[in-house]
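The chains carry the letters A, B, C and D, assigned in the order they are written, with residues numbered from 1 in each.
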């Protein structure tokens, strides 16, 4: 019925005694997510709405068998928290924190990709598998159980498109916000291939935006490997031209990074692209009808 | 007929234009080893006794298809040379250089163990598979083709024991000097398991010495996993007791590190241990006779 | 629509990782601190000071406009001066010059170098590979993008494992493969290593030297410096924080910077406020599809509170080109009632009379809509969807 | 035969990775440079200087013998002095003291600390895992080995990935699991991070603080410092190279150090020279099996040249206990003819008359044996095997 988070998720929340951490841990639990632990150094023995707090991730995992971590600690401490999560052995780490330095993330990404743990984010809204579990900050009322897998770089745009889908009676298997930072743990390709392997996902909606070339890479990957139909939305057609310091960036990108360029790359590989949220929901409806 | 080096070895020598590099590359080639390239930055286009020299390892591997590297560069540049060898993609790296800082080797070891390349050494005499290939600095006249796999932490002791074996008419499948440094790329366990998997090795001779606990770990491993018979020699029964700075080392070793301790650990797992080179050759002869 | 490859740079950086662009002279000062040879020089902001600097430096100097944009050479922003008189005259011409909408406020006076050969060197964050990328070419000078296109063999490139770092053998490989002249090799190897160290030590996203020169005296020297720093990492570089000065001459962008609002000016008349970069970009697109022209990009952020809404509206309303406001909120962390209250506060404070179209969805949406329908003045209208809100705003902009 | 776990330390380190052991005061100076709090103090080598230092420091001081061996506390090498008079008196007693064969040449005078609690902290190179190991215990003080044996729960241990390093969360985990008191936690976390940084920056093999104290004023302070440095890395620490002073009082060991010969004195009468640590250790064993007692360990190295043979023989012949020499060479890189020539030169120069048994094998063995049989004096005999050479040497030692 879903990818990444579901009824088997046992969640530990890093930074659970902070304002945002406590609020969203509690909300996630209220949605039905199995929130088994929180971590705040020095606060072992306390609890947050019945969720026990531990000093370290290792303790939390040892004591509760948590398999998923959500990182809510401030950016200056988030790099440390991410390494701690990796070493604790959890399978999945979802990092909500925004503002982690790119150099730190390069190191974490390289380290993580040598093993088989999964990182979603940072700077992401989390993951929801409607009716099963919600890990993150998404407004749960927008999402309904269904058979569309939604993956997006943008938080609020995810809600917008989910709302448009809901207006047409379409629900989701899972919704994954991969985050908008230059270095995120999981790419479109990673999530699209998980959806493709999920028997309960009939259609994939991929929501991109200007910058980088992840959408272009995903287009190639989809054409070569993915059998589940994909529709896409790209934001930023009106993005203004601007200056650029130095030429190194322009040399390496290869692709233009523009919305138009991404749209063309996707369409060239047979992926239909909507140019506004309402349209992409309609494309999804048509694609589902054609199954 | 052998492990690690053989007729398929295509050797590139790093530091080939140095005094020792040139001498041993030439000797290895004279033994019949397929020495395809050398590397010395800035000397591309030259040759050493017909062996072409390249500026970088990547060039050497691209141009010649080398699959094995031997490192002969001075210790201050050897760490760099090792990383260069790793990145060039060769399957096997044999580092003769002595005196590489332990911290550098910790990094290299950790990095290397995440992939599937093999490092022998540093501070080792190399590998010989008699009649097939010699990579390193061993005096080739001591070794004869045969069915004993010899692995040793010590260079000259390897020659001594091979000579004792030769006096009894016993030759080797391969002889591997793993090196005497605190951090070496391959342990007794790594090499013993290769010999165990080699259909042309009937008996393994493991030559250890005081310090560390690699012999003790090998004893456990042999008892649990190795079907080929093993005999062993340990040097250093007369090693004098001495002072120790701090207690951290004593806490972690667990095993005593003494020759007597190693002998007992091996014998407890059914490995016969000689107390002098002549005796271990006799033990090998008896073990071969019992096959 | 952006057509150049650099077209989306500005908004991408604003939405997906803000960066601090340094002036050439700041970059060179950092280079010097990291052991990268640079010509000696001084930064000045008057023609008189330029003369004095040229006197102190002695001999022929170069007067270089300090602007955070490329192409200053072609625009006349770099001049050779054989005497202090000439330096003063050039500084007078260059100071105040407008180079691609950037006003020159200062010039860098440096000792002229005797150039034997011009190379190119850079370390960049490669977003696609998520690794640093080091590039080196023996074909340096004005247009390295052209070299990359027409003679890619002349550009040696190498990705670096951020955990094991950039090593001497990497530098050697680049130097041999870029075809650097033999006499300059060891100098370039050393500079590449220092440049990479500076790149990581300073949390840089780009360090570019173009040209990197080989001089008549046999030295290798950085003749230019383009340095950008990851804003997310500035907290650990307090000295660089001080370099973060406003470089815009646009009044709204300046006001937005002061208030900490993420804002980019566009040339339309529909003022836009939304929450979340993706949703705001989408809003711009929907306005354009409805036949309108957005006046700006403004992201009030993930957890917009009343204060932030007030600050954002102040920026928008200060722009005389804006004929209508479109407020598009989808509350996740953001709560619609707080946005509605912020809007009322702002309208009260700013006495705005232009038409305002509001779309509120998500957390506490009913409460937010109720607040507006009960308390907002008549120029505020609520629309149920993003699309209808955009259409209404465009109609109003055309009708006024 | 060594029975203690630390028994083989000396020879192991000599044969498999030489290390520079620092004095406490040198370690503390390095700690201070790396941000680890230590009591203020001075190093002195006369009682008068001890008094002056105590006056400058003021208040109660501690007078501590500087020796590179443990157990000085029990031996009376650490004394509290309430006055400069007492400091002088203690220094007079301690200077010149013999602590486990180490003569005290200097004392460290430091301000006394008010100890609330004693902890233990260390970073060691763990040879078995090939990684740094960090250890922390709330049970610090005299005998941490005893704690490890009897109460292992009180010792928190953690291996570090050398590529990603020691991170704040590692330090926190150690502090919570070692049971460090709450008020001392942040101080200990910070010291652990500094200690690890110093360990890697200085190419250390051991950095041990025992005790690490929590003081009445709430600070966490390193009251002792045991630091050893990897000799192979000294080339990149020129300041540490200067600390590498001779610490042996044995004349042969001192001579060996000066000549760069790898030598350890034993208590027998058969002098031994070989090439390669393994072969030399094996030679000691074979001599013992033959009923003899080796006088030393001496490794002439992998590529022994004539000069090195001369230097090695000079060391051996200077020891009056040596009754016979056993020279055991298996040439790989080493060439037997060069060894033979070196031997002749040395004998000529040193006028040695004691019996010398030589075994030469390996590269150029025929040539080497020929040189000796033709040119060597009558006290030199050649044996064909290692075993027979050892037996002959033992017979000669007993017979003389």
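In this section, a contact is a pair of C-beta atoms (placed from the backbone, for glycine too) under 8 Å apart; a residue touches a chain by one contact, two chains touch by 3 or more.
What you see is a predicted model; the values in this text were computed from it and never measured.
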TODO: Determine the set of chains touching subunit A that also touch subunit D.
DONE: C
TODO: Name whichever of B-C and A-C has more C-beta pairs touching across its two chains.
DONE: A-C
Task: CA centroid of subunit B to CA centroid of subunit C, Å - done: 55
Open item on the list: Taking the mean of the CA coordinates per chain, how far is subunit B from subunit D in Å?
Closed with: 27
TODO: Could you list the positions in subunit B whose residues touch two or more of the other chains?
DONE: 107, 111
Open item on the list: Where in subunit C do residues touch two or more of the other chains?
Closed with: 163-164
Task: Pairwise touch network: line, ring, star, complete, or other - done: other
TODO: Throw together a list of every chain pair that touches.
DONE: A-C, A-D, B-C, B-D, C-D
Open item on the list: Per the contact definition, I'd like the list of subunit A residues that touch subunit C in the complex.
Closed with: 20, 75-76, 98-107, 109-111, 125, 137-139, 142, 152-160, 163, 180-183, 207, 209-214, 217, 235-254, 256-260, 275-278
Open item on the list: Which residues of subunit B touch subunit C once you look at their complex with the stated criterion?
Closed with: 41-42, 44, 55-59, 77, 80-81, 83-84, 87, 107, 111
Open item on the list: Quick check: in the complex, which residue numbers of subunit C touch subunit D?
Closed with: 163-164
Task: List of subunit D residues in touch with subunit A within their complex - done: 163-164, 167-169, 172-173, 176, 182, 185
Task: subunit A-touching residues of subunit C, taken from the complex the two chains share - done: 1-12, 15-17, 21, 68-70, 100, 102, 122-128, 130-133, 135, 143-145, 148, 155, 157, 161-163, 200, 203, 205-206, 208, 210, 226, 228, 230, 232-233, 235-236, 264, 266, 274-279, 281-282, 284-289, 294, 297, 302, 330-333, 361-363, 385-387
